[in-house]
Structures are given as C-alpha cells and as structure tokens.
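Here the structure comes first, spelled out in structure tokens, and everything after it is commentary.
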Amino acid sequence: MSEEEEEIRIGVFVCHCGSNIGGYIDCKSIAEWAKSLPHVVFTQDNLYTCSETGLAQIKKGVNENNLNRVIVASCTPRTHEPLFRSCIQEEGVNPYLFNFVNIRDQNTWVHQKEPEKAFEKAKELIAMGVAKAAKLEPLEKIIVDTTPTALVIGAGVAGITAALSMANQGFETHLVEKEAEIGGKLNILDKLYPTNQDASELLKSLKKRVNDNTNLTVYTSASVKSIEGFIGNFEIEIEQNGNVKELTIGVIIVAVGASLFTPTGLFNYDGQKRITQAELETLLKNNQVESSNVVMIQCVGSRIEERKYCSSVCCMVALKNALEIKERNPKANVTILFRDLYTPGTYYEDYYRRAREAGVIFIEYAPEKMPIVEDNQVRVHNEYLGQDILIPYDLVVLSTPLVSNEDNKDIAQMLKVPLEENGFFLEAHVKLRPMDFATDGVYICGSAKWPVDITESIAQGYAAASRASTIISHSTLEVEGATSSLPEYNRNLCTGCEVCITVCPYKAISKDENDEILIQQVLCKGCGVCGATCTNHAIVIRHFTDDQILSEILAFGGQYDGV
Amino acid sequence: MVFEPKILGFLCNWCSYAGADLAGVSRVQYPPNIRVIRVMCSGRVDPMFIFKAFQVGADGVIVMGCHPGDCHYLEGNYEAEKKYNMTEKFLKLIGFDNRVRLEWVSASEGTRYGAVVTEFTQQIKDAGPSPAKDNEELLFKLKALEMAAATDRMRALVGRERHITEDENVYGEKVSLEKFNEIFDKAIKDEYERAQVLLSLEKGVNNVKLLAAKLDIDPSIVLEHLLILKQRMEIDFGEIMENTPVFVRL
Amino acid sequence: MGENSKSVLIIGAGIAGIQAALDLGDMGIKVYLIEKNPCIGGRMSQLDKTFPTLDCSICILAPKLSECYRHPNITLYTLSEVQKVEGKIGNFTVEVLKHARYVKEDACTNCGDCAAICPVRGVKNYFDADLKTQAAIFIPFPAAVPPVYMIDKDACVNLNYGICGLCAQNCGAEAIDLTQKDSVLTIDNVSAIIVATGLDLDENIAPLSHYGYGIYQNVVTAMEFERLICASGPQAGHLKRISDGVDPKKIAFLQCIDSRTQRAQKYCSAICCMYTTKEAMVAFEHNDELESYVFYIDMRAGGKGFQNFLGRGKDEYNIKYIKSKIAKVNVDENESPIIVYEDLDSGEIKQMTVDIVVLATCIIPTLGLDKLANILDIELNEYRYVKTDPFFPVETSKEGIFTCGCAREPMDIPRSVAEASGAAARAAEVIRGG
C-alpha cells in the first residue's frame, strides 16, 4: 500500500507484427490516440515488438519516461507475455506490472474484412488494458525447493530410454510398468526395421542397461495410484503386489505407449487365416509361417471416418514382414494393398525399394472401393485396369493402427493433463513444445502422444528426459505469484464461513491453529474461484482482483475509475 | 443506423481464450462486437461483474470456460456454472436473461469459438439495444440485482450448493435438488426485494407505505424485509413521521 | 558435479540447435552456439506459417530467438564456422573461425541509417530466396537475431576498392568498422558437440530445368513460393505471377522433384506433402478464388493432426490432389505453364495449364557438411547426411558427438525439436558422467 504515493506512468507499445496487425489497422495512429488515455505518458508503434529491436525500444521507453506500467498490444499473452515480462524486469520494473492486449489473434486476424471495426475494437481493448494496468500491483514469485527425482510411467522403449537418461544424469529415477515385464511392444515384435535385427536383441541390451544402473528402480506389475502436489514436489503412490509405496518426485514423464487395434468385423478377420500384423509377428517369431500366397491390406481401421489418422508405423511393419516372408520363402507371393505408402525419409524409402526389388507386389486401392476378402481370394478394384483383380491367398494380414490406451483417461485425470480427440495425450504445443504438457513438471514421449516407431520413441525418450532435467537440475524453482490471498487489511472482513475451503479444488485453503483462514501459496494455482465465492469479499485474487477486473468493465463502458 | 451491440466476454485462460486465439490462427472470421476480459478460470467470474457490465452499457455478456471435465483447475467450471445459473435467475427478474450466455469452448475449438460468438452476436442483435441505457428504473434494478447477488446469503448458497446437494450433513441427511432450488429461488426473490428496499431508502423512499407502492409488494412483506435488514444491521429506525416509522440505511 | 567449467558446443542455430542450446542452458550447462549465417533461426524463420496448426512461424519462433540470445548460459557466435576439432569425448578443443561482420555487434542499434545511405543497391537477399534486393550493408530480415547489420563484403565498394565509407560516416552509434578482420577463437573444455546443421534445398538449375525452372518465370521453388506468400516477404504476402504481376487463379504444386527418383535423390524428403498443403492454404487465404492442384505419388501425412489438415485442405481451401507422375512442364504464349502428366489413377496422359508451378525440391544435407564431417571425424551415410544408427538416433559415429534434426535425415519441425532435446539429454549425460 506504500506504493500509493507513486505516480502511475503507463507506456503503451503497439505492434504491427509485420503486416499481421499493421496491414489491417493503422498502428501509428492507435499509438498516438493511446496518449489520451489516463495515466499514459508514452506510446510507440513497433514493427515487431517482440524482436530484439522492439524489446530494446521498450527498455528505452521505460528508462527515458520512468514508466512503471507497460502495455504491449500485439498477439497473445499465451505465447508472448513471459518475454515482455522479463524485458521490463530487466529494466527494474516488476514483471506483474506488464499488461497484454490482444489485437492480433482476437482482432485483426478474425476481422480481416472489417478493418475499420477492428481499428475501433483495438482502441477499446487498449483502453480496457490501460484501465487494468493502472490498478496492477507488483508481485513476487514464490521460491520452492525441488526434489531431484524422476518418475517415468510406462517401461516400453520410450520410457526405458527416458528413465536411463535421467538416471545417467545422476537423478534418482523410478520406472513403473503395469505389465510383468519391461520392454513394451519389443516383447511381441519379431524383427525391427530398417536393420532387421531381432527385437529381442535390443530388448536384452536395454534390460542389461536398466539392471546395471544404480540410480534406477523398476516396478513391474505396478501402477501409479495417486499423484498429488506440483512441479518439483509431487507426492506419488505406487501400488505393486498390493503394497503401496510413497515417493516424493520432482518431475514426471508419461510413456505409457499405445494399444493394438483388433479389427473385429473388418475384412473377415478371424485370427487364423486372416490375422493382424501383430499376430503375424508372433508366427514369424515361432517360425510358423508356411503360407505361400500372402495378401496384406494397409489402413485397416485407420484413415476412415471414425479413425481419421494415419498410424505411421504400419507401412514399414508390412514391408518388413513382407521382406521376412520373402527371405524365408523366396517363392512366396506377397502382395501389399495400399492407399499411400508411408515411407518418409532416407532409409525407409530405401526399404520400400528393397521390397519392390525382392518381388513384393504393390497394388493401390481407393477408399471408395475397399478390397473384399473372400474365402480364398481378395478382390481389389484397380482403376488403372478398370476392373477387379482377384488375388488368391492362404493368409491375409491386416495392418491395423496403434490406438490410444483405454486407461489414458485415468492417468490424464491424475496428472491434470489433456487428451486429444483420438485419446492420445495432448502436448503443450504441437510444433515447438512437443514433449511438454501445459502442466509444469510433466512430460510426454513415445506412442502415448502419437503412434511412432522405435527410432522415434528412443529420440523422444531422450527428449523428455532433457526437458525434465531442465527442472530438477536446480535445487529450487520459482512458483507463480499471481495467487489467491487473504490480505491483512481484509482479515476483519473474513467471517470464517469456510465456503472458500469448500470450493478450492486444490485443498490449498484451511484453518490454522487459531481458527484463521490460511491459504497455502504453493498449492494455490490462482484459479480465483475462492475470491469469486468469498461471502464477504475478503479474499483477493492477485493480478485478477475485483478492482482490476471492474476497472476493465468500466473502461469497456467508456468510463474510467478515478478519473 | 445498424445496431452494433456491445458484447463483453469473460474467457478462461486455458480453454476458451486459447480457443479464441486458435480462431485467429485459423483466420475464422466473426463479428467484431465482442470485447474480451481474460480470467484464469471461468469460476473467477464474480456475478457482480456481469451486473456491472450491463450497468455500464453492455448489450450482452458471455462467459466461456473449459468443457465439463476439462477444467484446468479441475472443477472451476462447475463453480462457474453455479454462479452463472444464479446470475441468469436474477436477470430473468428484469427480462435480461436472453442477454447472457454460458458456453464451453476448448482450446482446440477455434471454429466453434467463431460460431458461438457469431451466433450470440446475432442473438443480441435480434434482442435489440439494451433497454438499460439511460433508463434510471432499469439501472436501479440492475444495481439492486448486483447488491442482492453480493449478499453473503446468496454467495454462501452458491458456494455450498454442490456440498449441500451432493453430500450428507452431520445427521446423515441430504437436501434434494428440488428442495434446494425451492430455497434458492425464494432467496433470489427476497434478496432482490431487500436490495431494492435498501436502494430506495437512499432515495428518500423511507416508509412501508411508500416502499410498498414503489416496489409493488405487499406492505406486510416490506415490513418483513425491513425487520430482517434491521437484524442484519443494515438499516435502523429513524424518526416517526405522520404516524409512520421512517427507516434509514446505515 | 563440477559442471561449471565444462561446456557443450552446438553447430547450427536453426530451430534444432536453438532447442538443444535452450535445454542445456536451462539445465545450467554452458553452451557455445555456432552459426554460419549472420542471424539465427534457420529455415523456420523463413517460413510464413507452419503446419498443421497454421501458426505464424516467426511468431512462435521469435520468443525462442530472443531467449537464446539473452540466455546467460549461451554464448552465440554468428558468421562463424568450426574449422578444427581436437581431443575426445569429455574434452574437445574447438577452433572457430569468426568472419568479419564489419559492424560491431554491441554497438549497432539496428536503426538502418547505414543501409539508407549505402550507394550499392541490387544485392540479392538470401533470406528472401534472392527475390528481393538490398544495399551492401543489410540485416537479413526485420526480426533478425542478433539485431545487427552486416556488410556484404563482395558487394561493398569500400572493402573492394577502398572508396566510399558513407555508412561509417553516417552511423550515429559508430558501430561500423571497415577494418574488421576474420578472427579465430579457441574453445577449450568442450565435453560434447551437437551437429545441428540442418538442410539445404536442391535448387541446382540444371536438373530442375526439366520442369522449366530457370527457363520459365512462373515456375518457382517451394522456398521461393514460401517467401512470396509470406506477409513480410518480397510481395508482402499478396501473391502475384512473376512474369506479369497478375493474380494467379490456378496453381500447380509438383511433389517429389528430384527425390524418390533414380535420376537424382532416391529418398523421400518427408515434409513436402505437408508444407505444400500449407502453402496452398496460405495462398488461398489471400485469394479465395484460387484453385490448387497437388501432383503427388504417395500422400505422406503420418504426423499428429496431419490427416485432418489434409481434409481441411480439400474441404475448405479448394485443394485437389492428383496421384500422378510428371512428364514435362511447357509454357503457352502467356507464359502460363502447361503440365504434362500421367494420371496414376486412370493411366491416362493429361495436360493442365496453370498460372504458377511450385516445385517441391528435394531436401539435401547442408552444403559444406562433407567438410565439417572431416573436421569432426564423423561418418556420413550414402546420402551424405550424418550417419546414425536407427536405435541410437542422436549419436554419430564418434563418441561425444551427437546430432539431431535434418543434419541426419529430412524431418519436420516437431521431430527436429524433439531430437534436439534428445541430443541435449545425451550431451548432459556426458557432462554428468553417465
């Protein structure tokens, strides 16, 4: 409250974002106009406010005009707020005295055909932003200790790789697997593409590396029962053989993999004469393939209306198994019916060529005219010939997709992370944060996120380990300061009704030994429900206070509080 | 002139605001009438914000949060729904319930965000300009609604609703949803009237007879309200004028 | 762990090198980031949008560029090349040749006064795929990091003929140093090296002339097209035909140009199906009467959300996909390209006249990778990419040297970012004694 003496000096920076904003509305005149707003003492338009040049301009503006509040009107706080906050922090302004105004994603981009209205909207949004900025208060982040331990859920190849990397970096690592054996899909595969080495060889070497590592503890036939807490300090319960073990964990990596799809009712699948690639792997492993006329069908249960995605591994699996059959019995006829052959990159395209050279026959089919599996022949329409081709078979192999695990929901709920439409885990950003979740301290790798092969699973396992390591490489971390609080000056308003305790989803609020309301800052996520519920308006939601939001509402109505 | 409504949106940071950004990234086009206030969770939207928005000229207010089950804060959107339901009930009393909306929009629903905003904008266009603009009586009523919703009684009811209707009390009893709604609806009506009484006192409408006439309520009910407000120490007896006690707001 | 004196050296500051540097830096490990270009960000910074989210590329990249530039644990050397490496895992010594910029990095304010007065014009800008020209003193693009000008030493009349020097006279910040020389830096105590050198594009005109490239003006490469549709590019995003400046109505995108063929590169470039769809979408956003035709062999869309992206392309952006093989590209009297192709669905030979042809040229290893591989003593594979084992995807043939992204195989951005983090983890293991 001592800050009250200080004059509020707001700077407004309007970003052109190249032509993304500037191409639709006149940023220069908006910046000029913003000078008329209460407390605004400096404004500027920048070509790219987020560029080094733009940031330098903000710093210069802050210094030369003694700004103590900064507004950037540009893209979205979801991507750029941290950058601008740290920029003003470097100039000695508390980062919470920054306010973002979204005039691109929610304005020029969505009103491209109404630039005059977008112009007016931008001004009103900036006015609202200025009104809130005038009410902003400096806040400090909270420093918490981190526990240098990692939990990896799922011991397939991705999970094992991630766990080994964490352990090799010196972190105590716990690897939990629901099956009796580690290794995931390596346990059922015969050979691995593109080297055609035995899957069991890789599994053996991984198991040895796991066993030899003293930092790594493996729990098989086990599951994670509960996860409480937060980044750096998760409280975990692992259940194994009816025993429950409690651990304090710094970071969590989700590597639960994906499931095989059973094509019940598709292409006369019977598990005998018409089987899946996974079932073929077992036959190959046991040397039980005697068929001399094999037809493989790609995209069975995928790239269709109810499952639109391409599972990305099935083409290579089919090529590998086709080559394997040819290798063992060069006289065997192997035909692959496909839509688009997915063999991207260098070695995979090579592999495709090898299969062609080995005499594997490739016939394309169109999704409008699906192949029909009859008793002893497959009928496939060929547009090129303008007629059906009949291929006799003694074995049909269906290439089915990897699908998301059914229990992903439970894990997602425990971790408070989202799933996408097909039930795979949804990362923080598809392009640039592929291993992160939006929830801090939790990471994702392997087919739990999207179907990937062994090579990519390994790369992703390491990647998740790297991301996780950035957190627990340090003994402390900073926690968000914009949380709920019951300030001393509001204590007299608290009636002790406990409604806040009832509504807090994180159990961050309790009563202390003096029967006074206590809010645990580290547990609070800043949702603000308690503040909106508090029966006597005693709780303050920092950075989203009633006062701040009401001033935005007033500005929306063209009124300025206190002016 | 074509009516261009002023619409205020409260968007939760994690789903709806991200969905609105995605609409931008996908260049989904929608009417430019909405102004957005970002909150971390839709559960942060205090009902008073909505009443305030109508008092300063909003033609429509929309609250958007994560889909049920998707809340970044686990259950904040359920709390948002409770608060919203109360707000809507209050607004119904003055025929404003067609000017508010609660929608769930996820971070991946950019197209839907655009569709929801387009549709809501049309709904408000059809409803016409807010009659509260420069209409003292309606502004008075909106202020009364804001006060009523801000009472500890209403806030406690909303805050405890799930607790009361879903859990048993210490005697092993559970209040049925119907019973709860009955209590709730009665509370809405009572608190609205009481808020009007309080506001009227400020304007010199200060005895039972005058209040009953202005608020169009039975004098016995007005008296009941006055007694309760006195109990709450919000008003007191003033002097007796023309054989009628005069009340003052404290 | 005694980490303080140890460091990781990363070669290449595209999105992969940047991600690896940020991860290691955030772990508290010292990083040297070496970039041969004047600015960081690599290919991603040249892109308009990215698939499948259509995020504005520079928008999501810019914060990373800044973070990298400002990171206390990351030392950035631009215009620099590794010229000598000695030692082994845990203790390499690396010699870096830093080319003269002729502008002091710590003094330049990026105001542009120098370029305004420079008498030399018409110098091609590599960042805009040579489609735009500039002065001899320039910054590659407005959001470049570091935000510092440089002098093109081949174009500058002072450096070549000893005359002029107007830029230095005009620079208020006294940032221009026409006497600057190349310098050599020696970096000791490098525990691990990450090769993140990325890709180049096969734009050798001789083989591409088969498709009319270099002969017909309205045949462009995908990278050129990317700049043409980019809001900050040479046409400010409003796509026009190069020959006559007319708005195109019909664009053909030809896939697998000199890839998946015995004639040139045998492999698949892995990302063209997706970026082509994206380019067609962005072009459509500027002109919703546009028809796009994608001539392809196999549609390779296995990544997350890719099939949905293709679906949107067909349904909302007027993109038609034709399974085909291209025989030849001719032009008519209006300079409009005529594509002669075999329709693989029907087997017929057909023709189509369009306004612009875009060639999805083959991705190749970054030029100069052979030389670097010699310096590092690492093996390349038969396609001249860094050789890796499928089950050790981020390790090179030499212990302590890791790789990621398009240095080892063509791949998209998320995969490059993931592998970069992966390489960072392996480098951290080396430093931490694992």
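Letters A, B and C name the chains as they come in the text, with residue numbers starting at 1 for each one.
Keep in mind that, in the parts below, a contact is a pair of C-beta atoms (placed from the backbone, for glycine too) under 8 Å apart; a residue touches a chain by one contact, two chains touch by 3 or more.
Fair warning: this is a prediction, and the values are worked out from it, not measured in the lab.
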Can you name the chain that lies farthest from chain C, using the mean of each chain's Cα atoms as its centre? B
Chain pair showing more contacts of the two, A-B and A-C: A-C
As a quick test, compute the distance in whole Å between the mean CA positions of chain B and chain C. 54
Chain centre separation (chain A, chain B; CA means) in Å: 36
Taking each chain's mean CA coordinate, chain A and chain C are separated, in whole Å, by 26
Would you pick out the residues of chain C that each touch at least 2 other chains? 53, 55-56
What parts of chain B, by residue number, touch at least two of the other chains? 25, 27
Chain A: which residues touch two or more other chains? 420
List of chain B residues in touch with chain A within their complex: 4, 6, 8, 13-14, 17-18, 20-21, 23-25, 27-30, 32, 35-41, 43-46, 48-49, 52-53, 55-58, 70, 72-76, 79, 83, 107-108, 114, 150, 152, 155-156, 158-160, 163
Enumerate the contact residues on chain B facing chain C in the complex. 22, 25-27
Touching residues (chain side chain C, partner chain A) in the complex: 1, 15, 19, 23, 26-28, 50, 52-53, 55-56, 58-67, 69, 109-110, 142-147, 231-232, 236-237, 260, 266-268, 270, 298-308, 311, 344-347, 381, 383, 385, 390-394, 404, 409-411, 413-415, 417-426, 428-429, 432-434
Listed in rising order, the residues of chain C that touch chain B in the complex are 53-56, 285
Chain A to chain C touching residues, read off their complex: 17-20, 23, 47-48, 50-53, 55-56, 75, 79-80, 82-83, 165, 167-170, 192-195, 202, 303, 308-312, 340-350, 353, 364, 366, 383-384, 420, 424, 429-435, 449-451, 454-456, 458-467, 469-470, 473-474
